Amino acid sequence: MTLFEYLHYIILPVLVISAVLILWRFIKGPSIADKIVALDLLITTGIGVIAVYSIIYDHSTLMDTALILALIAFLSTVALSYYLEKRKRK
Amino acid sequence: MLTAILTGFLFSIFLVFAGKFFKGKLSILSSLVPLGLFLYFLKFIPEVSGGEIIMRSYEWIPSFNVDLGFKLDGLSLLFSLMITGIGFLVFAYTSSYLKGHEYLDRFYGYLASFMGAMLGLVLADNMITLFVFWELTSISSFFLIGFNNTNPASRKSAMTALGITGIGGLSLLAGALLLNNITGTYSISEMLTMSEMIRANEFYFLAVLFIFGAAFTKSAQFPFHFWLPGAMKAPTPVSTYLHSATMVKAGVYLLMRFTPVLGGESIWNNSLIIIGGITMVYSAVHTIFRTDLKGILAYSTISALGILVFLTGLGTQAAFLAAAVFVIVHALYKATLFLVTGIIDHQTHTRDVTRLSGLNKIMLPVGIAGILAAISSAGIPPTIGFLGKELTYEASLHSETVVIIIMIAIVLTKILLLYAGFVAGIKPFTGKLPDEHANTKKPGFILWFPPLLLALLGLVFGVAPFIIESALIKPVVEAMGADASEIHLALWHGFNLVFILSLITIGVGTALYFIIKPSEKLEQGIAKFDSIAPENILEKFNEIFVTVANFWTNFFQNGYLRNYISIIILFLVVLVGYIMIGNTSYSIDYNSLSKITVYEITTTLILIAGIFYTVFTQSRLAAVVAMGVVGLSICLIFVFYSAPDLAMTQFSIDTLTVILFVLVLYKLPKYLKLSDYKTRLRDGILSSIFGLIITVLALEVLSEPVSKEVGDFYAANSYIEAHGKNVVNVILVDFRGADTLIEISVLSIAAVGVFGLMKLRLKMKDRLRYADRSLNVENEKKKK
Amino acid sequence: MEILLAIMVGILYGTGIYMMLRRSMVKLILGIILLGNGANLLIFLLGRITKGAPPIIDGSAKVFAEAYADPVPQALILTAIVISFGLQSFAIVLVKRAHTVVRTDDLDEMNATDEDS
Amino acid sequence: MRTTIILKTASNYLLPVLLVFSIFILLRGHYLPGGGFVGGLIASIAFILHSFANGLSKTKELLIMHPGFLLPIGLAISFLSGFAPVVLYDLPFMTGLWSHDPVAILGTVGSALFFDIGVYLVVNGVTLTIIFTISESA
Amino acid sequence: MIDIVIGILATFGALFVLFAAIGLVRMPDTYLRISVTTKAATLGVGLVLMSTMVYFSNADVTSQAFVIILFLFLTAPVSAHLIGRASYFIGVKLWDKSVMDELRGKYQKNTHILKSIVDDTPEDNVDHTKMEDK
Amino acid sequence: MNEQLILYPLFLQMAISIILLFGWSNIKFQKVFSIIGSVLGLGLAIWLFSYIWNNGTQTIQAGNWEAPFGITFVADMLSVTLVLLTAISGLAVSIFSGASVLKDRLRFGYFPIYHFLLLGLNGAFLTGDIFNLYVWFEIIIISSFVLITIGGEKAQLEGAVKYFTLNILASMIFLTAIAVLYGITGSLNMADLAGQVAMVENRGLVQITALLFLIGFGIKAGVFPLYFWLPASYHTPPFAVSAIFGGLLTKVGVYALIRVFTLIFVDDPFLNNIIMIIAILTLVSGGVGALVQNNMRKVFSYLIICHIGYMIAGIGMFTEIAIAGAIFYLIHDIIVKTNLFMVSGVVYRIKGTNSMRDLGGIYAKWPKISLLLFIPLFSLVGIPPLSGFWPKINLIKAGLTNGSYITVGAIIFASFITLVIIAKLWAEVFWKNDKELPLRSNFGYFNKMTSFKRSQFVVPVALLSIVSLYIGFGAEHIQELSARIADELVNSQGYVDAVLNSKD
Amino acid sequence: MKNKFLSNILLTFVWVALTGDFSVENYLFGFFLNFHILWLITVGRKRSKYFLIVPKVIILLLFFLYELIKANLEVAYEVITPKLNMTPGIIMVPLDVKSDIGITVLANMISLTPGTLSLDVSNDKKVLFVHAMYIKDKEKFIRGIKDGFERRIMEVLS
């Protein structure tokens, strides 16, 4: 088994299985905070997926996307929790 | 000739600016315009009666083959003289009749443009030009009928008249275009030479139908007649002008003009006979049941028009002759009677014939005019009316079919018209003067002279028919396509069947006059039949139409955005689905597809989960967060399939959208479950089919061969020519940089829009000012 | 994978329209966003997809040595995405403003302009 | 009021890093993924983050002028870089103009770069205008 | 040899991500989930990124991956702090087996101020024991 | 290079917009500059028009990339005619805006956005690239969104939501169509597409693509059953905005339909039949819709729909004469519809309402203005020889030649109902007795304005009325132009050659 | 002035690292660029003191790394074993560090080490609220933090 096969058939599936688990939590909640955490984690996992993928296809340019994901995931978490606190509870 | 026609229009434009000048005492000067024109046309008599046809053509719109082609032959000359001659008298009469009226200048303006339009109509040889003037008569008569525009009845009549003549006008247009399709020309003269070809054409029937549509509406033939009595709301000079001599005769003119082109076939002749026949009898009967002088005159006018149509339909030389004479007869006596009625109305302020009698004691010259006109209308010698009636009977007797029925109809009509003429022209002036009119003032010269002149002309032409014989009548008959060389007009035709019929007519009619007195009772009697009268049927139809229009409009434009979207999508689904079912191959070449891997399937599943979660969650915030999941999955798909730039942009923008949502969300209320199960099911089915169609479409496209020519060009030139290695970016800033420039403009506009939307608060007063007041009031009402 | 993507595009279009047919304005906008994503993916898919070969020329090369994904659809989508962003942000603000003024999130109550006036 | 020390401190250090990063993304766009759009988005994200942490008024102080002014400036730069070939060389609109020799860091400098800078400014201006406007009236 | 290093880094990275995911599913309350995932995922992805550093081993990718790692480590705890704080604020309750809650009564509902002692205006405080279940 | 001239209208509008954005807060500057810019724009448009008239179709390849690789801009007679009409309407509305739009709105970017809208319109007319057309459409709709919502209160916003949603939907369908088109041909250049699409063997797919374009553009053009956004919104924004919308926005949809269905999807009987049916139903629905309205602007809105039917019918019949009719009608309609919404603005300022029930007495009090307003109103009806009449000759003739009698019937019906509606409007608004309406404090009534301000209302109406009169009385020129355009459209090889074989 | 200069140098390194181009021009360009960015963002504001004590930083980082890995393994164990043996809760930790940067670094490091999560700092900056998974002895827990991270951070920032 070459490194690429290993990454392709073992590592990537592990990462996406993680993603499915995270998705399960996302859907289940129960609180909105859980969903936000799940989204954040999903994006982090996505960074991992992209990193592995860029090795498999030997294209370092894909890493830029990972960088953007990291930057922006943070912003969305900030915004969502900002909102969470700010909204009036009814 | 063009100048002559345009004079009317120029004068009315002139009046817009110099109206004040013609409002006062100088208003009579405006009658110089028609007088000049009358004299101008008069001087053509020698040429025309010599058999010449004067053609003038001015280039206008050669691309349409539309020229300002004019033709002065007997027919158009006769009408031109009537238009300008009676026009002159009406103009003069008006200066006194509407003396001091606030809008006298406007009135002259309308009148002058009407005259111009009418002249153009009768002179035009090009069918489009004819149509143009035809419509101009409709529109200027709209203004004339609606002259008292603050009166609702006036407005309604103007609308009705415009509506009926308007649809007729369009019918004329269609006819013109159809004839052009058949003959390749708009020139009536040229069509004349192709008459046989036209009649053999498969569309002949349609062409006839279109021409009838125009003529019958304009000339108030049954069942389109009802606009004409309504049009009596107009000031009397208008009635005189429009309804005696000119506009209503335009339809007759059209039929006469087209007789040599379209006539000769049974469809043409029989239709005219039947429609003209019904009209003349129907309206003649109606005259008995009217008490308003103008009403009586209106119905007798319709009847006379029926006679003219009928005569045209007979299609013989005798009939044409009768028609030609009757045109003049009618113009003279009917104009007189209208003017007389106008004077009575002007002086006594009533037109109710039951309240009028003995006025000759006050206005003798008017009385003389009225009585002379009545006699002419009754066809009593030695007026020209007698000649007209004799010729009519003569022509009818020699008709080819159902002579008996035709004779009964025409005699009955003539009897009733005699009655009507007497009621209008004699009754007001005979008998005892009622006290209420004892103080009535004598009308001025300018008022009584025009009717008297016209009445006297009727007498003169009767006594000396040779004056008009070769000058006017013969050329008309020739223009209608019959041989006129044998024609010889004389008052006395000898003692024959026609003369007997004349005697019967005069006898029975006079008896009727003494037996039946016009009364309100009679008027109410006929009112019972109103519900089946054409105008009421049309009115009903109109109501139903408006109801249907309302329903149709509100059915589609019902205020619910989701219904609009549904309809649009349904429309798309049905059409695209229809083609798809017939054409799609449903085959997929699996070899050309890329392999599916676990992580791709998972990403797809996450995407789908995100989508459905967005759709079905009850929390808006959760939906927005789920959009983040969707955005991430799409971003990953872009990464997998070689689009890092896309992935970056897609994800950044998705996040920004989420932030935007978050910033406004907490101001918005919570989701409500607003739709019921049925609605959701229906929407679900529609959306699913739509989605399915898109999927099938996508697969179908994927099975097509692919061309990467453009992409290859970019790739080859990206670095060498455009100095960039990221081809996508090079496309954005260079190959397709124009797109990008517009795109950032779009963004800028959105930003400005957002800024304005959030920051701009109109002040209270401005709010009111721009929210449509009426709209608000209506809504308030609805809420209560 | 193309088939899967095609189905996904169909789902995006379908759910987008479904959301636009709801009465809530927020759902309406979510629907528009879904539809927009669907359209972008459709362009992407119909421009044919290529795996692991971004249209970026390698460091030292001047032209592509190997297969590369068609850059045209990518550029088109980029433009479309950015435009959608402009429209969507305007839409979101419009909704907010409409809600402030009309005081409802229910689109069914916003039909005054189609009534007689 | 709602800001926390932790976020405030973090964002103060993130702001310059992100700005540097945004320009980096802008400049390399012609060769690698990135470009004016993404660059502009990152720059605006930096400021948005700052505004979340420190409050809008602080961020506005930083910016010297209203972000709305970036719109005409950016548009003008992009437009002029497309228009320059028309005026200067009578070439079609948007024809790329390139320096003959490569410039350090940036590589070959051309009108496309200025075009992208315009895009960067506009995207930045737009995003900030929208977000700030909404935050202010939220 | 390098392949093995890459493999190991990727394996550990993926495993930590997996642990984070499992933790997210298994942990009984929001705070625990935040607590578990923030670090495990950050570390996991950090390791995966290091594998790319090793694989490409050029300055470009290395610095990039390094920036990502740095950024993740900088932001993850801040995110965790923000979500955790907001969760507490909106009344997301602690697991019922929790042993203490020293935050009780210290957040001011309206001003969002966090005091270091329990305030004397208790009706204005965030107190989970007085909140209904969602 | 003289073909550079093609893009100058775009450059000008872009520059105006940018400069206006810089001068954001100075209303006076904006007003004056907008008018100056519009005058320049008109001059450029005339210049361009005469250049193309004399030299035939010209193209320019943006970025100097040969077609079909770059974005091509094409100026054929149709394009430059529409550019010219846009410039004329644009100038009129620019003058009208200065007086009629509230100061507050002007302060929030009205004029820059207005010129962006004009930019978008010009761009849409001049581009030869299908995706670029999409982008121009977007600039048009976003500008129109802003203009329709700016300073909006209840009614305006409610209308805007519908306007917005349905126009976005249209854009999405348009984009979908582009996706499919690119998927089957790999090209975006319209001239290139003409050849590529003809070679596609799967005709069903081509038909579906065409349908998507038909529906996407159909929504924008406001045809049945896709027009809902139009009557829901056109009567809500400021009058100047309605005017430019009423004159030009739906026409861009019509333009796109004409372009696509004469160049790319040519003469497919099935599609032509569908277009004909749509045209007929559009004529009828618009007509009956207008009949039952009370608000003047709503009447005009439905009449827009109704009259779009004429143009669609022209496309559906697809003969040279029919298309000439459609083009002629398009030319007439742009001018007259722009003018009508300004007319309703003038009426609104006179009486403070647009409700026909409440209006009246204008003829008595303002006879000269009434006569002026008479011109656009009855030009719309097509009382010959006013402008609306001439194109019907082409259309009815084409219908008779094609044997599509139902179409002829629908055209006649629509003409008739327009006549009735306008006559009714005239009677209600101008003839009827003046009703006493409660005076509104602070309302800028027409009679209270300075004569300078009044002239800002009257001059644009007069300007467009003169153009209408010219179209009517100078029908020869317009018909010659329309016939030439129709010829260019039907024989589209000329267009294709101009784009694909052009050498600098 | 010095602070800005230091920040500038630091950012220049970031720039060079980002671009991966270690040429002199790039350094100069980075310096120039960052100078402007700093100028842009620091108008009218003062910055806290800024000292760079390299060895202490390295010690801190190593300690942090050690804690990070150790704690992660703990959590991994907790997550994959079937039973949950946790005694979680929120603890109030009194603070000695006063500077914002110090508090932030401390809080973040606590968060990154598993089992603990900094929830918030009180507005008077006196206490830090930490959520922890295993609270057996409250005092011991607080001491662990103060002797571990806080002391080292304070040394760095002194």
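Note that the chains take the letters A, B, C, D, E, F and G in the order they are written out, and that residue 1 is the start of every chain.
Just so we're on the same page, contacts are C-beta pairs under 8 Å (C-beta built on N, C-alpha and C of every residue); 3 or more make two chains touch, one makes a residue touch a chain.
The structure displayed is predicted, hence computed values, not measured ones.
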item	value
Given chain B and chain G, the chains that contact each of them	D
Contact-graph separation of chain A and chain G, given in steps at minimum	2
Central chain (by mean CA position)	F
Of all other chains, the one whose Cα centre sits farthest from chain G	B
Of A-C and C-F, pair with higher C-beta contact tally	C-F
Chain centre separation (chain B, chain C; CA means) in Å	48
Rounded Å distance, chain E centre to chain G centre (Cα mean)	14
Separation of mean Cα positions, chain F and chain D [Å, integer]	36
CA centroid of chain C to CA centroid of chain G, Å	40
Of all residues in chain C, the ones touching two or more other chains	20, 25, 28, 42, 46, 48, 51-54, 56, 72, 78-79, 82-83, 86-87, 89-90, 93-97, 107, 110-114, 116-117
In chain B, residues with contacts to at least two other chains	557, 559, 561, 565, 597, 638, 640, 644-645, 648-649, 652-653, 655-656, 659-660, 663-667, 694, 698, 701-702, 706, 708, 710-711, 714, 725-726, 728, 732, 734-741, 743, 745-755, 757-759, 772, 774-775
Sequence positions of chain F contacting 2 or more other chains	14, 17, 21, 62-63, 71, 131, 135, 138, 142, 145-146, 149, 152-155, 161-162, 165, 169, 176, 180, 183, 188, 231-232, 235-236, 294-295, 355
Contacting chain pairs - touch in the sense defined above	A-B, A-C, A-D, A-E, B-C, B-D, B-F, C-D, C-F, D-E, D-F, D-G, E-G
Complex interface listing, chain A residues touching chain D	61, 64-65, 68, 71-72, 74-75, 78-79, 82, 85-86
Chain C to chain B touching residues, read off their complex	1-15, 17-30, 33-34, 37-38, 40-42, 44-46, 48-59, 61-64, 68-72, 74-75, 77-79, 81-90, 92-97, 99-100, 104-108, 110-117
Complex contacts: residues of chain E adjacent to chain A	3, 6-7, 10-11, 13-15, 17-18, 20-22, 24-25, 30, 33-34, 37, 41-42, 44-45, 48-49, 51-52, 55-56, 58, 60-61, 64-65, 67-68, 71-72, 75-76, 78-79, 82-83, 85-87, 89-92, 112, 134
Complex contact set, residues of chain G against chain E	14, 17-20, 22, 68-69, 71-72, 75-76, 78-80, 84, 86-92, 107-124, 126-127, 129, 131, 133, 135, 138
Residue numbers on chain D that touch chain C, as the complex places them	31-33, 37, 123, 126, 130, 133-134
